[in-house]
Amino acid sequence: MTAFYIIIVGSLVALNGAMLGSVLLLRRMSMICDAIVHAILPGLVIAYLFTSSRGSLAMTFGAISSGIVAATLVEFSQQKFQITREAAIGITFTTLFSIGIILLALFAGQVELDQDCVLFGELAYVPLDLWITDEGLNLGPHSMWSLAFLTIGVITYVVVGFRPLVLCAFDKEFAKLQGIKVQLWHYSLMLMLSLAAVTSFHAVGAIMVMGFFILPPATAFLFVSNVRSLMLISCSIGMLCVISGYFLAQYMNVSIAGCIITLNGVVFFAALSNRLYLKLNPSRSIDRTI
Amino acid sequence: MTTNSCLTARNLSFSFDEIPAIQDINVEFARGKITGIMGPNGGGKSTLLQCLSGIIEPQSGDVLAFDDPLSEHQKKISYIPQKEKIDWDFPITVQDLVKTALYQRLKWYECFSEELLKLSEEAILKMGLVGLENKQIGQLSGGQQQRAFLARALVSNAEVFLLDEPFTGLDVKATKDLIGILKKIRDEGNSVVVVHHDFSNAMLFLDDVVLLKTTLLKSGPANTVINSSELRLAFGLPEQE
Amino acid sequence: MNSLTIIQMDIFSNPVLFNVLIGVILISVSTAAVGCLLYVQKNALLGETLAHGCLPGIYFAFIFSETRNLFWLSIGAAISGLISSYLVDFIVAKSRLSRDGAMAVVLSSMFGLGIMLLSFIQQNNYPNQNGLEDLFFGNAAAMSGHDIRIIGLISIAIWFLLITNYRKLLLTLFDPGFAKFQGIRPKVYIALISTLAATSVAIGMQTTGAVLIAALIITPAASARIWCSRLFDMIFLAIVLAIIGGTAGTLCSYAAPKMPTGPWVVVCMAVLFLLSSLTKRIYLYSTKSD
């Protein structure tokens, strides 16, 4: 049963990661994922300080606000301060993360957020946090339910939004002319990303989340050129790595999430080498037919 | 050296990922003249220029400079890339840009001597950039940018100037000024090779033209090539009656 | 006596503070200088990738050397960092992935591997493993005199290489084709930059930790670029700002109890960045109205 819970939770994280991650990859925003994942920390801390509860709702709201603030600051500093996009991302997330740590240290006595947990999480603990109703009915781990809801949200968002999102990445001006609200889609994506990050962090840790967003889509991208296949293949790769990673981690007695991500990385490099060995020449253009 | 050609391409071929950009090019570029490399987009003009300069190695064939292997006279060849290929945000001023040509004369602990500084000042003066020495290159106008790179080439004592589409984005006055400068460079005994795309002003300054569309279509004096049937063929224009 | 005088006295009488201050300054100067090179190379976020990329190397070095000797850990970190840098270039060259995606792939895979190794170390009860986790957030206070000597030696080596190769690096970064004409092999100097970056990140991990070291690379460089049109001036100003930010950050964290050094240094550098941007805008505004 433990294994089942862990695998389900892991798979849900992978599913969400693969879908949002595919969009990020096509928009060349993979590093922004890293930034957002770090930037949600101050939001979490402030939410806790205001509400004095570790309740998911408060934390979620805190994380989302923090994520949006980060995204806004990146855009703002890029335009107003005339620095490169990379520099804007780097300065924003490190500063926000530092503020988060300072707040944590300032209120160290009051905050029970375990530094380790916030950032690293551990899939192994997932089955320990079960939702047992007053009647004693065991509904499974909390994370499973929150992730399940997240998945519904993410699937809806991605199905509705991937056409405008990918178009915006391609050609902002054209998208605008078509009536697509470029800014709205950008910030809603940042919002979904923050939401997914905070929902997943309990299980796999905030930083590990990034691996789920980046690696399966990147692996799929080596082979496919159309958006639909990209998402389907990345979901499959993500879930396969969760399952195999879990069993491998049990065998080696190491961190489950760490093992999953490493496995995913190995798969990526294996796929890349495979392509090179077979001398499949990757064409530089990608067919973004939707 | 008493050769008539500054650069010679012999059986030159270069491909990107098995797609040929230029094939079997055999052409001589006359010394002391301004030669234009012209032709349709994607015809390999930039690639040819880069092979001539020595920046890229051709997959077959070779390049001669003054009838000797290119490597012997590498220092006399200067190459100015296309505008798009230059990083205009780089923190480098006009003065610094020109001085980079002198770096190889200095050890890491040596500073610029009086005479080296003078050399750079002279080049800046010659290109009409006095007063702009401390401006970052991205803040210059299009014409000034080309002249800054030419100043760098002058300081290296180049005898062959290779320019890739230098007139892109220049207005009428800047174009006229640049044409004047290229002619001045030629009149001092140097050779100029430009990748050019504008037929309306080609006759104003080009002595010779090399017409290129992956293979060499025609080469010779400007008026011969520009009025030839090969030109119309290259651009897919119908035959003139 | 006011608090300022107390701090000034403590700098020299308190060996821990003195050590930390020297260490932070040494590291900040190295990372700021190298950061300028990465910045103009439009490769600012490489610091982030290197930081995560160093982790597996550090853990491997720990497992093999069974000590926490900074010397061996730094070597492990630097090698691991170099491998990461090479992997990024490899992915970009051999696949359709953008640089952004490649950096994210290497970052997350290496981080996953790092977490896996850390859990392996923790499960297997290696001696001296306390404090390995410090590498995530840094633990400047744990820097011993021995550590400072190592950091000092490595920093001097970095500065020496930078100074002796400055002109060649400038040429390679600005116009590699022209550099070739001058008899310089661009590949060698690009590799030098990657090595210097990996090394400065490796020694810096102790102060700010993996998560924040990117700030030390990016922020001073970005702040300096706002004012400087010459690379030499930019490096000089970045170093000055880094020293100021590093000192201010260390003193702030010293002034309040239990404050981590890394985040304060980052915040101080961010403040300097803001000041730099704002004063420039004021300067531009005032010269315009003349």
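When the chains are written out, they are named A, B and C in that same order, and each has its own residue count from 1.
Just so it is clear, a residue touches a chain if its C-beta (ideal position, glycine included) is under 8 Å from a C-beta of that chain, and two chains touch if they have at least 3 such contacts.
The structure displayed is predicted, hence computed values, not measured ones.
S.K.: Suppose chain centres are the mean of their C-alpha atoms. Which chain sits farthest from chain A?
M.R.: B
S.K.: Could you say which chain's mean Cα position falls nearest to the mean Cα position of the entire protein shown?
M.R.: Centre-most chain by C-alpha means: C.
S.K.: Compute the distance, rounded to whole Å, between the mean C-alpha positions of chain A and chain C.
M.R.: The separation of the two C-alpha centroids amounts to 26 Å.
S.K.: Can you check how far apart chain A and chain B are, centre to centre, with Cα atoms defining each centre and the answer in Å?
M.R.: Their C-alpha centroids are separated by 49 Å.
S.K.: Centroid from C-alpha atoms only, then distance chain B to chain C, rounded to Å. What do you get?
M.R.: Comparing mean C-alpha positions, chain C is 41 Å from chain B.
S.K.: If I count partner chains per residue in chain C, which residues reach a count of at least 2?
M.R.: In chain C, 42, 225 touch at least two other chains.
S.K.: How about chain A: which of its residues touch chain C in the complex?
M.R.: Result: residues 25, 28-31, 33-34, 38, 77, 80-84, 86-87, 89-91, 94-95, 97-99, 101-102, 105-106, 108, 115-116, 119-120, 207-208, 210-211, 214-215, 218, 221-222, 249, 252-255, 257-262, 264-266, 268-269, 272, 275-276, 282-284, 286 of chain A touch chain C.
S.K.: Would you mind writing out the residues of chain C in touch with chain A in their complex?
M.R.: By the definition above, chain C touches chain A via 39, 42-45, 47-48, 87, 91, 94-98, 100-101, 103-105, 107-120, 123, 133, 136-137, 211-212, 214-215, 217-219, 221-222, 225-226, 256, 258-260, 262-264, 266-267, 270, 273, 277, 281.
S.K.: For the complex, give me every residue of chain C touching chain B.
M.R.: For this pair, the touching residues of chain C are 40, 42, 163-168, 170-171, 173-175, 177-178, 180-183, 225, 228-231, 233-234.
S.K.: Under the definition above, what is the set of chain B residues touching chain C in their complex?
M.R.: 53-55, 74-75, 77-79, 81, 86-87, 89-93, 96, 100, 103-104, 106, 108, 134-136, 152
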